[in-house]
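What follows is a set of notes on a single structure, which appears directly below.
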Amino acid sequence: MTFDPVIAVLLIPAGAAMLLAALPGYRLTARINVLAALASFIVAFSLFFHRPGQGPYFHVDDLNNVFIVLTTFVGFTTSVFSASYIGHELEIGRLTPVFLRFYHAMYQVLMFAMNLALVANNIGLMWVAIELATLTTVLMVGIYRTHEALEAAWKYFILGSVGIALALFGTILVYMAARPVMGEGADAMVWTSLVVRAAEFDPALLNLAFVFLLLGYGTKVGLAPLHAWLPDAHAEGPTPISAVLSGLLLNVALYALLRFKMLLAVNPAALAPGPLLVTMGLISLVFAAFMLYRRRDIKRMFAYSSIEHMGIIAFAFGMGGPLANFAGLLHMTMHSLTKSAIFFAVGHIAQVKGTQQIAEMGGLTQTNPVLGWGLVLGVIAIAGMPPLGIFASEFLVVSSTFARAPWLAIILVFGLLVGLAALFLRLNTVAFGEPRGKSGETHASYAPMFAHLALVLLAGVYMPPALVGWFQNVAKLLG
Amino acid sequence: MALITDLFVQGGQMLIVLLLAPLLTGFVRATKARMMRRRGPPLVQPYRDLVRLMRKEVVLADSASWLFRVIPYLIFAATWVAASLVPTFRTGLLFSWSADLIAIAALLGSARFFLALAGLDVGTSFGGIGSSREVMIASLAEPAMIMIVFTLALLAGSTQLSTIAELMVAPGVGLRVSLGLALIALIMVALAENARIPVDNPATHLELTMVHEAMVLEYSGRHLALIELSTFLKLLLYVSLIACIFAPWGVAEQGATSAALAVGIVAYVGKLAGGGLLLAVFETSIAKMRVFRVPEFLGAALMLGLLATLLLFVSRSL
Amino acid sequence: MSRLTFDVAHMLAGSLVLVSFLQLYQDRLYALLNIYAVHALVLALSVAWQAYAQDAPHLYVTAAIALVFKAIIIPIALHRIIVRLGIHREIEKVVGVGPAMLIGMGLVALAMVVMLRVTAEADPLAREDLAFALSVVLLGLLMMVTRRNAVSQVVGFMSLENGLVLAATGAKGMPLVVEISVAFSILIAFIVIGIFLFRIRERFDTVDLQVLDSYRGERR
Amino acid sequence: MTVVILVCAACWLVLAGTAVAIGRSPAGSTIIYGGSLLLAVVSLVVGTIHLLGHAAPAAVTLPLGLPWIGAHFRLDALSAFFIVVVDLGAVTASLFAIGYGRHEQAPLRVLPFYPAFLAGMNVVVLADDAFSFLVAWEFMSLSSWALVLAHHQVPDNIRAGYVYIVMASFGTLALLLAFGLLAGPDGGYAFADIRASHPSAAVAALALCLALLGAGSKAGLVPLHVWLPLAHPAAPSHVSALMSGVMTKVAVYGFVRIVFDLLGEPAWWWSMVVLTLAGLTCVLGVLYALMQHDLKRLLAYHTVENIGIIFIGLGLGLAFKAYGMAWAAALALTAALLHVFNHSLFKSLLFFGAGAVLTATGERDMEHLGGLIHRMPQTAFTFLIGCAAISALPPLNGFVSEWLTFQAILVSPQLPSWGLKFLVPAVGALLALSATLAAACFVKAFGVTFLGRARTPAAMAAQETDRFSLAAMFLLAALCLAAGILPGLFIDALAGVVQTLAGERMPVQSGVEWLSIVPIAQSRSSYNGLLVFLFMVISGVLAAFAIHRLASDRLRRAPAWDCGYPDASPATQYTASSFAQPIRRVFGSAVFRAREQVTMPPPGDTGPARLHVVLHDPVWEGLYLPLAAGISFTAERLNGLQFLTIRQFLSLVFAALVILLLVLALWP
């Protein structure tokens, strides 16, 4: 057979995982980790230029193409960041070499799982992949073996497993709905063929299925009130994992949700999933915005901001329509880039300050200008200010909503404003003012952070037409 | 030819106001003295004072700045220009349209602005008292003035004094409530602006309630002379303003014969005498009020002005 | 499909719901484990029956997994963990037995109503099976949220998962069922190990989650 | 035309980039400010040519921003006028900063953001579609926010920056909603499309309110002004000048663009809203200013007041336009726009003066200054011009625009609406009141800062500021005088703008004899700044000449007399707060619940008696503090959800599931 990038995207991480599990030594494994991530990114990038035809198990279309590349890219930059980050952790002895080996192996497994979930054409396969991703992240969240870490892992584990279970039930229901139309066997779980005939499915089953999928995958997305695992998992795990969680895993879960939303969008009799998404989105947004105020741990704060943005995205998809859907997709991309960049900055800051407590940080733009201004830039971006990319998506969401449903838009704007106020309240004390807290040195790698921010900036000013074209196609499909 | 006469008239007006101003003040003082059964100073006393002050050398405080020395000329210039633009014995002066009623009020405002600065310049407590009270009074007097201007402007459809005066001469006006209100308000404002009783006492020093005199306390010699002169001018200005608006009889029209002009001048002097007499009577028959009663006094004026305006708005629309 | 097979399948699925109710009723840990073993056993039977009815041999694997792994290994493992950890044997409930039962009834009723809305051309076996599976799932969740004790929560989760397997096998000709049940078994193994991990770390003297919560990163 | 300015903006951004590199080097600030100066001159020239040449609108579309719309830029008369305002401010500020910037301790926190700020303001004025407008708008806010935080060690500045960024985002979101409303669900964001789609009455009304919120919060309309007096003083003085003198005008531009250009025909009650807010803003702004003794904060509050005056003009314009009195609308709009121009001149001038004082003495608090006219005569002179101009004293420019506003008010009886009949005179009274209060306030500002005797050693040791700063200040002072004595020229320059907004223009002024201005008719009202100026000069010089020739010109220095109580200590002078005391007694007790507590020492104790003044900010305490309290209360309540047990979280999930199932079960 000829070279198939899809298979490669899956095989490279899998192989790397085994290799890393076997190899000792920090420097070597870190390098291999980076190399593997880079390789899979390059392979994935080739998908921009030629896409393989869809098979029963894998397929690449406008929707997941961008997300595969995004995932591999963020995976690559995060591996670069984690090389320097983990090195520091090793020095201060928070991690032992054994765990480190485990860590790198798990990192690649996670990459594999997420890529699999993205390229999977079979909804069962997708489910398996997401469960795998959950398990690996659980292990990595608990890797520090502190009370908090273990407890966060446990919480994540229990809630995640329940979510997974619900998602599986939903998947089964989808199959049940499909079977009478498409006959028994694997074909009834292949998404590409499902979406073709979804109009004839039994609407009641589809509704039921979507409820379970929404709650199941919604738990992974972190929509309130299913969000409980998210802040602690972000706060207690190693920062690279926080970056990957916020930047990628939430996206992947949301991606799964979108796939099923498409099914319902095709079926006229099924109840529109819009209202559900809009409600949960608004709840998450406003709730998270208020939760930002009382946060003392900087990573937990940005975890809540992730919940907030997932709320915005869910809201956008719930509103539907070409503009809102486009905005939602754009927002997913921008958010994963920005949020991971923020976590890169935060990780180094926490290492410099030796703590994650906001109260013990201050005047960063003075003591560590690069980190400080990087954080400022990231917060400005995440707060949705131009000329950075998130502003574009928020602009589209708000403006397109206000003409249709003013009250929803006003709630949305209120939530945005409250969240922004909270973020800047903390940013003021962390980045400006008299320096506070101790400042150790760290051999930080700034390249990933600024690479992400540069991309976000670029997207805010100029969007490549190809990307826009794909997103617009998908937006049509999303209804 | 017409231009020449106009220029001549304009110049004449400027001279007349300059010459008559001290006389008016002297007249008021003399009349007041008579009413108090005093012999009082002769009518020409103000001229003598001015000349004496001019001759004296200036004693300047050490902490005085260049601004302190420039201000008297500024004040004099502003007041004189304002006074020379008010139609006294003839309407339609050559330059009357270069500043309408609002601008005249503003000119007086700038005179006050600089006077208050002068009060602060030397850095003495008395000067500070003076200026701070002056601006407090002004902050109520000027809006009242503007309201009066509104009333007249709405009545005459113009803020040009000449136009207003011509309208008033014309029979069509008749008696109007708002005019009466405006007149009362204008008188109150005039009293305040000229630092007369009951707002201020022009004849005292060393009284903690004084306002105007406190500001000019540090002035001496020619500077004091200029300031005194502009005070005289200001009084004259307000009297002739009231006269030209509410008693425009005998004022010569534009391009009138020299006879008419003579009549105008005589009428004008008569009006000034009348105004001075009334002022003297008023001042002798009333006591000065506490400084913090003044806001209420002027607030009343402001309310009257606003009321007059609103009444006009209503009536015009009926 | 003959009437008999249908009735047997129906009976087995129904008895699974019944066993779930028994679990709700229990307040001793060991008894709970035993009941869970029964639960798994019934599941194994019904899966096997489905394998026979749909003559889908791969389902026998699932049945075997259910029998060996869930009905035997897990209960024993938990049993030993309880002994090792010296967890006190009775279960603290948030909601008393009576109310729990009532809520459970309500949930079952809800499951039925929801399923009845499904149009009839989805074949009756599937409908009934789904209804029962949904009830089992809901009862499992109910058990998780009404029990303070971690082990009993785990048991609740496992019975929930049994419901899923029931649904999966009930869905005629559904691919990947074996893989999925394997994946779930791994998940459960992880959970058990997870409990065990805490024990090894010598950090928590009990697995009662309220004690865990006292180790939260943020205090008010 | 448009392209040139866009290129300038791009160059500014490049400068901002280079500033990061060379900011530390001593020559850095000179290079950056010099470069900004050149660019500003270029775009100023372009704008002026376009404005005076009455050129046709020039539009450019770049493939940026939203790809299916692109970034539209358009230079029409209105934008050209505001380009002139913006870049005139930019020119003088950069010139001033060449000298002022040398004293900057942390140049890296100023230099990169200054050019970016200029670029942002220029692009806002050019933008011709909602997206690029908002991008530029918020970019402007962000760069100025960074500048506000330049001296971030001062805790007040941090608070200022926080309030500023929150209010700015509030404004942006309001504008975003407005544009969303106008663009409709399928997003015709280009201004051309919005103009083409004539919005319904309800939509237009809602958009007006949103525009008031959005642009008003940037411009500083009461009660959205709270950030302004905090943020403007916090920034370095040349930036304060730009923020107060120019950025607020950009906000005015946003309002005019939306309300007069995009919304189409106004409804009569719009003007009621605008006029009421404007009147309040005038008086409250100046009253706040009177209570201050921080020089820069005082100036900032005066910006609020002048914004009120501008909006009075705009409101009148709306009223007249609504009733089809185009000629009157032209008058009102000319007044407003002229005041925009004038205020940008003298407010920049005054902030420069404050900056010079700040560098010379290190003090912003007037209570610690005094007598600077002896040490800094030239600064004092220009500052005096600025004070006279902003106090609307003839023959300077501030008077002209207020005079025109009064003329517009005097036209209002011809309006048919009863509400307006009563509102407009009241607004006129408020305007007059605020004008005189402003004069009082600047007597205080100038008198306490520059006159009297030095109150502190710092004020004693002050030195005259550098020549670049002086050049900038003298340039502005000259412009103030020019605009005051030759207003006709400036009014005619505005004709094109007013034509596009009101559909008619004011009568041509340049033809009138003696260069006087006649808004409506010679017989109705006219004003001639030139003649008044000449008269004053001539008579003043005449008097001086006569006296010095004919009478004495002798002069002797002596200690101050002061009624025979010569007081040695400068502490006995009137201070800012004691100067404002009578006005505080008259107005403050009602507005600010001002209370004065005198603490007397017990008998026999020789300690001083202390006078303590308590002021309450009605807006802050009545609106913002309750809001903040509400938010923090909610946050506190919700925060409990962070501390549930896993079981409780699970039950949340369970509850969600059951509820959704119930929904499904009960779905019809």
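First chain written, first letter: the chains are A, B, C and D, and each begins at residue 1.
Here is the rule we use: contacts are C-beta pairs under 8 Å (C-beta built on N, C-alpha and C of every residue); 3 or more make two chains touch, one makes a residue touch a chain.
Bear in mind the structure is a predicted one, so any value in this text is a computation, not a measurement.
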| item | value |
| --- | --- |
| Label of the chain whose CA centroid is most distant from the centroid of subunit A | B |
| Averaged-CA centre spacing for the pair subunit B and subunit A, given as whole angstrom | 78 |
| Length of the line joining the C-alpha centres of subunit A and subunit C, rounded to whole Å | 31 |
| Whole-Å gap between the CA centroids of subunit A and subunit D | 44 |
| Cα-centroid distance, subunit B relative to subunit D, in whole angstrom | 35 |
| Residue numbers of subunit B (touch at least two other chains) | none |
| Where subunit C touches two or more other chains, by residue | 114, 117, 141, 144, 153, 209, 212-213, 216, 218 |
| Multi-partner residues of subunit D (each touching 2 or more other chains) | 639, 642, 644, 646, 650, 653, 657, 661, 664, 667 |
| Inter-chain touch pairs (all) | A-C, A-D, B-D, C-D |
| Contacting residues of subunit C [partner subunit A, same complex] | 114-115, 117-119, 121-123, 126, 130, 133-134, 137, 141, 144, 153, 157, 160-161, 163-164, 167-168, 171-176, 179-180, 183-184, 186-187, 190-191, 194, 197-198, 201, 203, 209, 212-213, 215-218 |
| Subunit C contact footprint on subunit A (complex, rising order) | 122, 124-125, 127-128, 131, 135, 138, 145, 147-148, 150-154, 157-158, 161-162, 164-166, 168-169, 172-173, 175-177, 179-180, 184-186, 188-189, 202, 204-205, 208, 232, 235-236, 295-297, 300 |
| Residue numbers on subunit D that touch subunit B, as the complex places them | 370-371, 373-374, 377, 380, 384, 388, 391-394, 399, 403, 406-407, 409-410, 413, 418, 421-422, 425-426, 428-429, 432-433, 435-437, 439-440, 442-444, 446-448, 451-453, 514, 516, 522-528, 531-532, 535-537, 539-540, 543-544, 547, 550-563, 565, 567, 570, 572-574, 578-583, 585-586 |
| Sites on subunit D touched by subunit A in the complex | 63-68, 130-131, 134-136, 138-139, 142, 149, 152-153, 155, 158, 161-162, 165-166, 169-170, 173, 176-177, 179-181, 183-187, 189, 631-632, 634-636, 638-639, 641-642, 644, 646, 649-650, 652-653, 655-657, 660-661, 664, 667 |
| Subunit B residues within the subunit D interface of the complex | 54-67, 73-74, 76-78, 80-81, 84, 95, 97-100, 102-103, 106-107, 109-110, 112-113, 116-117, 119-129, 131-133, 135-136, 138-143, 146-147, 150, 153-154, 157-160, 163, 205-206, 217-218, 221-222, 225-226, 291-292, 295, 302, 305-306, 309-310, 312-314, 316-317 |
